[in-house]
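Take a look at these structures.
In the two assemblies presented below, chain A is common to both, partnered first by chain B and then by chain C.
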Partner chain A sequence: MTSHRELFDPTNLKLAIHMRSLTETLHLHQEDERHYPDHPDEAKSAVKMADTSVSEPFPISLIANRYLLYDINTITYIRRKHCICGVLIGGLPQAPSQNVFCGIPLELMPEEARLLVEEGHAYIVEDVEAHMAGFLDMSEEERNAFMSAVESQGRDAAKAKKRRAGDNKERALKEKNLHRLVQESQTRQASASPDATNTADTDESLFAYPSPPASPPPPRASSTAPGEIFGITPSTSYPPLTMSVRSTNQPLPAVPRSYPLFRHLHSKGYFVTPGLRFGCQYVAYPGDPLRFHSHFLTVGMDWDEKFDLRDVVGGGRLGTGVKKAYLIGGKEENSEKADEDDDIRAFSVEWAYM
Partner chain B sequence: MADVDEDLPQPTESNPPDDAEVDDEVPDFRLLSNFLKSNGAPGKIPKRGEKDFEPHPTAQQASTLEASRQAMHDAVAVTRVHVPKNHEIAVYEPSVNMAYVDKPRNTHYRTMGKAGTLDIRWPAIHSKDHDDGGSEQRLERSEEQQDEESRPSSDYGVPMSLQGAYATFIGFEASRGGSLTLERYTVFAPPRAKLGRAYWEIPPESLPPLELPSKHWNSGFFSKIWRRLSAPEPRHPHGRLASGPLVTPGLYRSYNDIYRLLQIIPSHDPTAPPTLSTADVPSEDEHPFHITYNVWKPNTPFKKTAPGPPDFYICVVSARDTFLPTSDQLNDLLATVPYDPPKMDGNLYQKLKHGYRNVIIAVVDQGITSFLRVADAGFGVEKLYERKPRGAGGKRGGFRGRGRGRGR
Partner chain C sequence: MAAATASPPPSALTKLISAHTPTDSTHPAHLHHLALQIQHNLQHQHLWTALTIHTHSPLAPYSPLPRPLISGLPPQRLYVHPDEQVELLAREARRRREGKKGEGGKGEEKVDREKPPPEREWVLPTHVREKWSLRRFGEVFEGIGVVPPEPTESGMDEERGATSGRGERQEQKADGEVNADVDTTGAVRPEGTEREGEKPESAANKWRTLKRVVLATLDDDSTVVYYVVHDGIVKPRQN
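Coming up: the complex of A and B.
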C-alpha cells in the first residue's frame, strides 16, 4: 500500500481507486480480552478489571438531544467490550489547566447510542426528568442516607490524600537519597515520643510518616480523621437515583443516513470516531484509538446518491496526505444477500503516484 | 493550495512521517502522569504519545494498549473533591435554573475555571412547599446564619453530581429557553480551563446590531476620499463600457492610469460600512451564525467593568445541525463584528489573510471542536499594479507554489 510512494513523480499523477470489499481486506482482531493472560503486569490489571464490569443494560443519559455517559466503569467497559470510544468532553479534576486530556462526561454519537440500544446493551434515560423528580422530591430519610454515604466517602478521600502526601514525601526523600534523614527522624521520634506527644507531631508534619516497623498507618489515620471531611461531587447520580427507572418508551436515537456504514465498520471491529477534523463523517481506527493511528476517512452515502467527483479527489488527496485512505460506502439497494450487514459496500480511495 | 503538500517531503517506509501531532484527538493517558509531575507548568503542553499503524498480535502491543487504557481509566476515575479550606457551597435554585453562593470568597471567582471548585447542592427544601417565597426564605435564613462559624452541612441538600449539573444547566436550560447548549459549553470550557481566558457572552437580543459606532468607519471613509483625490475616477464609465474603447485615446503618464481604466469588474469593498442582507432579526433556527462569545486573551489586563475590545469573536455552531453558511449568513455574521483592518504597510499576503473583519467559527462535531477563522479579505483593495517593486536579489516571500510550472 505504501511502497509505491517512493516512485513519486509529480508529472505523472494518477488517481487510483482501489475497489475492494472490506470483509476481504480487513482482518481485525477484537482481542482485548483474549490477550490479557499473557502479560506480565496482568496480575495488577486483572484485579482492577474486575470492578469495571458493568451490568447490562446500562443507562445512557439524554440531555438536550445529546447522549452522555458519566460512569467511568461504563466508559471503560464499552471501550473494551463494544469498541465504542465516544468523546470525553469534560475536564480532569486533577489536571484542570490543560485540555489535551479530557474527562467525564463522555459524549456518544447518536449512532453509537443507537447501536448500543439496538443491540440491547443500553437504554436511554431522559436525564432532566429523572433528576427533577429524583432530587426535588427526595424524602428526608433518603437524603440523610445519601448524605452519610457522601460523608464517609469524603472522609476516605481526606485519608487517601493524606496518605498520598505521605508517600510522596517519602518517595521524594528517597529519590534525593535522604534515607538518612528519614531514619534520623524515626530514631529522633522514637526517643522523643516518651517525653511529649508535641514533638512527635511536628516531626510528622515535617517528614513522612515513618516506615512500616515504627507505626502502621491505620491508627495514625484514624487519629487525624475526625475534623477532615472533604466535600464530594460525585460523577454520576446513581445513587441516589436508581437505575431501575427504565423508560422503554424512549425512541431510538435519530441517526444520519450514514448509519449503515457506521454499523458495518463497527461490526468489522473498527473503532469509529467523529471525523469533521479530516473533512469526513467518521474516522475509522483499526483498533483502540489510544494505541493506533486511523486508517480511513469515511463518508457514508445513499446507494444512488450523486456526488461531486471533486469530493473523491479532495478526500483522496487529504487522506493520503495524512497516511489514510478515503472511504465511501453505502447500503446496496435490492441486494440479494440475506444478512443486512453484508449489503454494505465500501470503496477506498488513495492518491497514488505512478 | 493543492500544491503545498507535494512540496513536503514524501513519506517513505524508512522515514515514516511525523504526523502524530496532526493525526489524533486521542492522547495517550499514560503521559498524563508526566504532565502532572511537572505540576502543569504554564505553557507546557502535555504530550500525546506515539502510536502504531497496524494491529499485530504481539503481547507487547496488547500490553501497551492495556496500560494506556488502565491509565485512562485511573485518570478519568478521579473523584471531584472539595478541600475544607476552599470548600465553597452553592445551592441550586430550580425556578431560575441557576445556583447561588451564600458566602462568596473573592479570590475564588478570579480563578474560577482554572483552579478552584464549587460544591453545588440540590435545595434542601422543595420549592413546591414554599411556592413563591421559597428561595427568599432560604436566603433570609442563610443571612441569619452567616455569623455562625460553621453552618451544619445537613442544612444544605445533597450534593449535585456532575451528571446532575449537566442535566440541569444544559438539559433543563433548553426547556427554559436558555441559550447554553452542550456545543457552546464544549467550546467555552477547554480553552478557559487551559488559559484562563476571560469570556463575555453577548446577550442574544443585541444581535445583530443594526447600527455600529461610526468611528469604525472613519478610517474607511477617509481612505476612500484620499483615494478619490489621488486617483481620479475615470469619467463616464458607463458610456465607456457600452461603446468602448476601454482605454480612451489620450495622454497617459503612468501605467497605473491605464490599469485603472481596465478595472471594469465590480468587487466587494471591505472598507465600506457593512449592510445586512436581511432587514429583520431572524430567529436562532434560521440564523445559527451569530457571535456566541467575545474572547479576551489571557495575558491582557482585564476588568469586567471596562473590558476593552475583545481579541476574538467566536461563533459556535453544531456540525450536524448546521450547513455551511450561505454568503448572506457570512455577510451578516461579519457585519456584527467591528472593523479590524490589517496593517497597511504589511505584506500583501498577510493583509489578505488578516482581512478587514474576522470571526472564528467553532464547529462542534459530537464533542470535537474545529476552529475556523473567517476573514473579509480585501482582494479588490490590494492593487497589484500599485505594489512597489522590492529591492533586487533575494527570493520574494510567499510566492512558493504559484502557478503550475514547478521546476523539480
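Coming up: the complex of A and C.
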C-alpha cells in the first residue's frame, strides 16, 4: 500500500527518486534515515519499504518511437548494474517550467534500449497494444479487485491527510505553549462540541476533497470514518495490468551508425550519455556522471564516412577547452580481427600545445 | 619599365618547395608540397629539429605510406600522458618537501618544475579542405610505429637526401652534412643536440604505448594548427 501511495503522490515520488538515485549510485544504501534525518516521514518510509528488486528481463515501453522506463526500481537498477543513465523527462504538473530535476519516465536512447535487449536484460513492449489487449481482456474479478484497491488507497490517503492536519495543529499549539488548551479542548471535544477543531486548519480543510464545509468534521477519537475517501486517479497502469504479455516478435530498436562505438565504449565501462548539449554525439564518462567528469566528446561514424578536417579541429578545440578529448571512431571494415567486439577503432584528438 | 612586368622573386617557402619536390616519387607532387610547407612551419615557427620526411613505412614491409609523413623533435615535450603528469607532480611535491626540510621552510616555492625530455613525434600533413575518413586515419597508423625512427640511423638516408628540405642554408651544404639534421637548427638552438644526447628519447617512456601522430592542418592563408591524434581511446590530459 505504501508503495502505491508513493506512486500516486508526485511530490513524494520526486523526493524518492532523487534520494534513491543518489544514495544507490553512491552506494550509501544501508541507512537512509541516517543520511536524511530531516526527511518527511512518508518519503522516508517509502524509500525504506519500497521493493527495489528488479527481475530480468524487464520491460521497456515503446511509445511513439520512444523507449521509456516507468519503474523507479528499474531506473536505478540499470544505472547501478548496467552503466546506463538515460534521461529523466517527466515534468511535474505543479512546476512545469523546472527542467533541472525531472522525474520519471526515463527516456532511453535507441542505442541504450538496443543494448539492453541485445544482452538479454530487457525486452521491448509496444505499450499501446499492450494496454489495449490488457484492458479489453480484463476479467470482472480483476476489475473489481483493482477498484477496491484504489478505494482503500483513497481511504488511506484521507486518513493520512487528517492525521497530518491534527499533528500540525498540535505542534503549532505546542509552540505557542497552548498545549494545555489542546488537551482541554480534546476532552471537551470528546464530550460534545466538535466545532472548536474546525478553526485551527482552515486551509487544510479547504482542500480536503470530500469533506463538505457544512458538515462538521468527525471527532478525532473516531478517526476511522468510513465515509471519507479521496478520489484517486491511478497514474500507472501496472497494476492493474500485469507485464506478463511479452511478444517475442518485437524488432530490435533501430540505431544510428554510431551504435558500434556506443557499444564499445559501454563495454569498456564508460557511461555514455547523449551529447548534444556538449556539441557532440555522446559524452563518455569513466564512471557514474554524478561522481566523474566526462572524458570524451564522442562522434561515431562509418569506417568510410567522409568528414571535414574542420570538424576534427573544432571537436579537438572544443574538447581541450573543457579538459576532454574528442573521440571519433567506428567499426573497422576489412580488418583481420575476427572478434565481433574487437574491431571497433577509435581515435582520440587533443589540441597540441606548441 | 622592366620591373613592372617582372614577377617578384619567389619566397623562401616557394624556393624550398620547388627545390625539394622529388620528381620520381610514388606520391603526387601536391602531397610533397604540403609536407614541405608543414616542415617549414615546424622548423621556423615552432623550432623543431631533426625533421625528416618519410615516404615509406619504417616498419617491416617498407611499403609506401598513404602520403609523405614528417618526423621531428619538438623543443619541449609535446604530449605528457595524464598518468605521467601525476607522477611528475608527485615527484615535484616530494622534492619540495625535502627541500623544505633541508632549508627550514624557506624557498620551497623555488623548486623548478621538472620538464620531461622531448620526444620524437610523427606529423601528418593535411589541408583543411580535404575530406578524411576513419579508414584513412587507420591507414596512416598502419604505416608507422609508436616512436619515429632515429634520424641518424642508416637505411633512410637516400630518402632523406631526396626530400629533407632544411631551408636555403642547408641547400648550400655538402650532401654529407645533410645527415646531421640538427646542423641547421643548431644555429638557432645550440642546446638541442646536447639535450638529445643526455636523455635519448628512445629510452622507453613507459606511458607511450599507443601510436600517435600530430595532425597538422594547413589552411589557404598558411595557418597551421596542430592536434595530437592517438590510435585508441586515451583519457584526456588535465592541463
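Just so we're on the same page, the second predicted complex is superposed on the first by the 206 of 354 C-alpha atoms of A that agree within 3 Å, B and C clash if a C-alpha of one lies under 4 Å from a C-alpha of the other, contacts with A are read in each partner's own complex, and residues count from 1 in each chain.
As a convention for this text, a residue touches a chain if its C-beta (ideal position, glycine included) is under 8 Å from a C-beta of that chain, and two chains touch if they have at least 3 such contacts.
Being a predicted model, the structure only gives us computed values, none of them experimental.
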Looking at the overlay, what does A:G120 touch: chain B (first), chain C (second), both, or neither? neither
Looking at the overlay, does A:K323 come into contact with chain B only (first), chain C only (second), both, or neither? both
Superposition-derived comparison: chain B or chain C, residues of chain A touched: B
Who does A:F230 touch here: chain B (first), chain C (second), both, or neither? first
May I ask you to decide whether A:E332 touches chain B, chain C, both, or neither, giving the answer as first, second, both or neither? second
Classify the contacts of A:M301 with the two partner chains as first (chain B alone), second (chain C alone), both, or neither. second
Between chain B (first) and chain C (second), which, if any, makes contact with A:E350: first, second, both or neither? second
One more residue to check, A:D288. First (chain B), second (chain C), both or neither? first
If you stack the two complexes on chain A, which partner ends up touching A:K268: first (chain B), second (chain C), both, or neither? second
Hey, what residues of chain A end up touching chain B and chain C alike? 286, 323, 353
Can you list the chain C residues touching chain A in their complex? 46, 74, 78-79, 126-135, 137-138, 214-215, 217, 225-239
Applying the document's contact rule, which stretches of chain B touch chain A when the two form their complex? 2, 5-6, 10-13, 17, 19-20, 22-29, 32, 35-36, 40, 42, 45-46, 48, 51-55, 57, 59, 61-70, 72-73, 75-84, 87, 89, 94, 113-115, 117, 119-120, 122-124, 126-128, 153-154, 157-164, 166-168, 170-175, 181-182, 186, 189-191, 193-194, 196, 319-320, 363, 365-368, 370, 406, 408
Complex interface listing, chain A residues touching chain C: 265, 268, 286, 295-296, 301-310, 312-313, 316, 319-320, 323-325, 327-330, 332-333, 345-354
So in the complex, the part of chain A that touches chain B is made up of which residues? 2-3, 5-6, 8, 10, 28-29, 31-32, 35-36, 38-41, 45, 48, 52, 61, 63-64, 66, 68, 70, 72, 75-76, 79-80, 85-105, 107-109, 127-128, 130-132, 135-138, 143-144, 146-147, 150-151, 153-154, 157, 161, 227-237, 240, 256, 273-277, 286-294, 317, 321-323, 353
